[in-house]
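Next up is a structure, given as structure tokens.
A, B, C and D are the chain letters, set down in written order, and residue numbers restart from 1 in every chain.
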């Protein structure tokens, strides 16, 4: 079996969640790599949209920031920020959003704002950016994160963006456009919401265990009755990632 | 009527202590030179608003120009934390007011449109709306459902960097256009900085490219390389190395002061700053040509 | 994925009896060829929405395609009355729903933005709001003042004529851009007609010029001269003479029928229509070249 | 004294109401000519904006319609319809709007919609277009119209756009951005609102009389205590109109 790093594992599993023809709101880093990997494998018709207002970018290099000029030169379309949020996201034109945050809780709610009290912050985080809206209005959301107990509390300190709130029914009552988080891809496995909207373990990566997942989760993590193992990263996937997408190992080096 | 003046003159005339300042740009076209001139002129008690504060607000806060920041994402884009703003907030030294991207931009859109509020669909997250009383709700009279609204943001002054404009201030902008247009229309006063001042005929050759019309503009300042370490599409590259360096510099207040001494107070203007950066940086940020296919407006 | 098809095929597939149709354009780029094809295919009970119905809706109403019009200015621009629509309304044969320009466009903006309504400042005129129950009020939660709101307009199908697009439907538009973008984003289905189908590389050379992205487009139809007697900026002139002629033709129902027989039913498509117009008209509507100054996007 | 036509008289008097530096929302026809005349005489810095979204046009020919391509080629800026109404008009960036209509009443309210009952129209007019908003939000509005009794009823059949409603105080209570109609230029003279917002006769053109004005007005037209005569069209004004602006007499021919 081929060796791979934790970011490679996360990226490859995220890529597999994308469907051909999906319109994706892309961030920099691993989601960007995951989308480009999906395009080169099973989803050639993926439409990539950057929150900076860029549609159909053909970057000649890996962008450091979401507003990199390489995303613009040769793109299909560029529009302003109001339009990208209103005409694309709020209108319901986005199939998939990627989210991240310092904390993700039992019902998939995300904290990207503050650790501790909001008015007297212990750790002040960058804040919502577009994630409040992406979490609400993209048809499906995916979260990519290392699996650590401090990142998975029972309840987030601050709810920057909505998962299923306190129960799937609560989200449904709020009449949000999107269906909420569909999967959390970690370096141990994959969590997905059950009928109540609670995140449960539905897959383990090769070599990882249920006990490991539970020990690194801040709530009593339930296990899906149909728990499966993910397919290990293939030679092809690793080759595309390493040789074409991130040859300088900017995002894919291990040891995070 | 020409509005050409130096950036120093424009900041002196149009930025006053206590003003709400919006230096526009989403990663692209951030008017760093204007921020540096504000620092040099020792402006005080500013309210600094931007969707993405970026390093320019870190530097202005470090220099003591600001009493408050208004933002939706406070980070060093692609790198991590905005250390100075963050530390000042954590220490209780700096007021802040916070939005999501869309609500921040909706505030500008309301300001630019002369509306008393802009509606948004609900996000249900709730906590930001709880801590920021500027978020309100109205009832959609068609469905009876709740809609979230935010009030207009009307900066006292907007600073907008553009690729090219004429001496009156009719400005062509391309690449990522973020919230430049909205900031200009929302503001009471508008300062344009430009890579190039071009003849009116260049502007008139492509009127659809003009996002900001002269009659809302107060000052036009020719400032090549104004955006460094941010970038101007087609003119120079983003200095990603500096964004990484700032992450190191901003770990130490002494280093930040040294940086300001050397690169802000130590130079009179952007020409000197750019020269000081030196040939290696100039070469590294140089970009090749990739021209738009022309369009025909027709002789009528 | 190419969406190229003939206009006939696109109308067949994407315009159904009873649909709410928005054929976009403010004087400019009005897709007359699509209106004629709708007439030829005998579509019925359409709801025809447009800020400015123009002659194309006069012709479609005359041909019996419509049961209702939605508009904000029902005139023959620069000439006078829109005689057929007016007569049918006065005779009680045609339903109508009426707005001011800004409320009509605000409806499209709400539809394009996925909002349940758009607010507008009050105009106090009152009578239009009284006769059209789609106008409602909400209370501005900041000031307590009343604000007027209109609900989204979401056409079943928008037809948008453009200067150039690629086979997927990424479209460059310049000149008067009216409500083209908003109509496309508001609609469930989008038919693009284009003067020219160009290689994707032309589109990619100037992404800021792309107002409509391919992924919201259903059909791409190459239709040179689609807009005549309206015009396409840079491609041909507005046929003002025909607008004056129609004022005469439309005084008589018989002449209107003769016109439809000859110019709509009597030709299979726009190629034949344009040929039939003849050399004198071609020459009269020809325009010279006035190119935009290129911009540099840069090689990054 | 030089001869002139009624449209020339209207145009020249409208032009004189414009101030240097005004930002004007221009229609086609006489308002367009009036603006261009003002630019060539006392208001070189007039900014002309067309409701089609065109700013700073330099038309090489007289446009038939407000959306003529000659307005676009060589203009300073072109924007969409939402922007022209929102960012320009509603934002308060327009100093002057020109209005017209089939009926103008005692308080400057305008009907451009219907004669008779709205639901069963006797005469169906084109409708508001932008006039509902222009009347409310432009800082000042001017109306150019022939002076005829049927055009000046006591009360309009349908209030398409607001003058002073039933009294200046009523308009003020509505908190509209603009100050309302400031003058109605007719072929007999000029009407202006008094303190109550009622249109009264403030000026007569050379050779016209109070009696003529009153006989052609549908309400009991009051006369300003400081009634004046307008300056007759000057040689210079007529020359610019006839030789430069409308040499083919498309709008300026008499006999209306």
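By definition in this document, contacts are C-beta pairs under 8 Å (C-beta built on N, C-alpha and C of every residue); 3 or more make two chains touch, one makes a residue touch a chain.
Remember, predicted model here, so these are calculated numbers, not experimental data.
Averaging C-alpha coordinates per chain and comparing to chain D, the farthest chain turns out to be A. Among the pairs B-D and C-D, the greater number of C-beta contacts is found at C-D. Chain A and chain C have CA centres that are 40 Å apart. The distance from the centre of chain A to the centre of chain B, each centre being the mean of the chain's C-alpha atoms, comes to 29 Å.
Touching two or more other chains at once are residues 54, 68-69, 72-74, 78, 86, 90, 137, 177 of chain A. Counting partners per residue, chain C has 114-115, 120-121, 145, 174-175, 177, 181, 205, 208, 233, 237, 287, 290, 297-300 as the residues that reach two or more other chains. The touch graph of the protein chains shown belongs to none of the named shapes.
Contact between chains, per the stated criterion, is found for A-B, A-C, B-C, B-D, C-D. On the side of chain B, the complex with chain C involves touching residues 114-121, 136-143, 145, 147, 149, 151, 163, 172, 174-175, 177, 202, 205-206, 208-209, 233-235, 237, 287-300. Looking at the complex, you find that chain C touches chain A at residues 1, 112-115, 170, 181, 185, 200, 203-205, 207-208, 210-211, 213-216, 297-300.
Per the touch definition, chain A reaches chain B in the complex via residues 28, 51-54, 63-69, 72-74, 78-82, 85-86, 89-90, 109, 113, 118-124, 126-133, 135-137, 158-162, 165, 171, 174-177. Note for the complex: chain C touches chain D at residues 26-28, 51-52, 71-75, 77-79, 81-82, 86, 89-90, 92, 98-103, 105-106, 108-109, 120-128, 131, 145, 174-182, 231, 233, 237-238, 240, 243, 287, 290. Contact residues of chain A toward chain C in the complex are 23, 45, 47, 54-56, 58-61, 68-70, 72-78, 86-87, 90-93, 137, 177.
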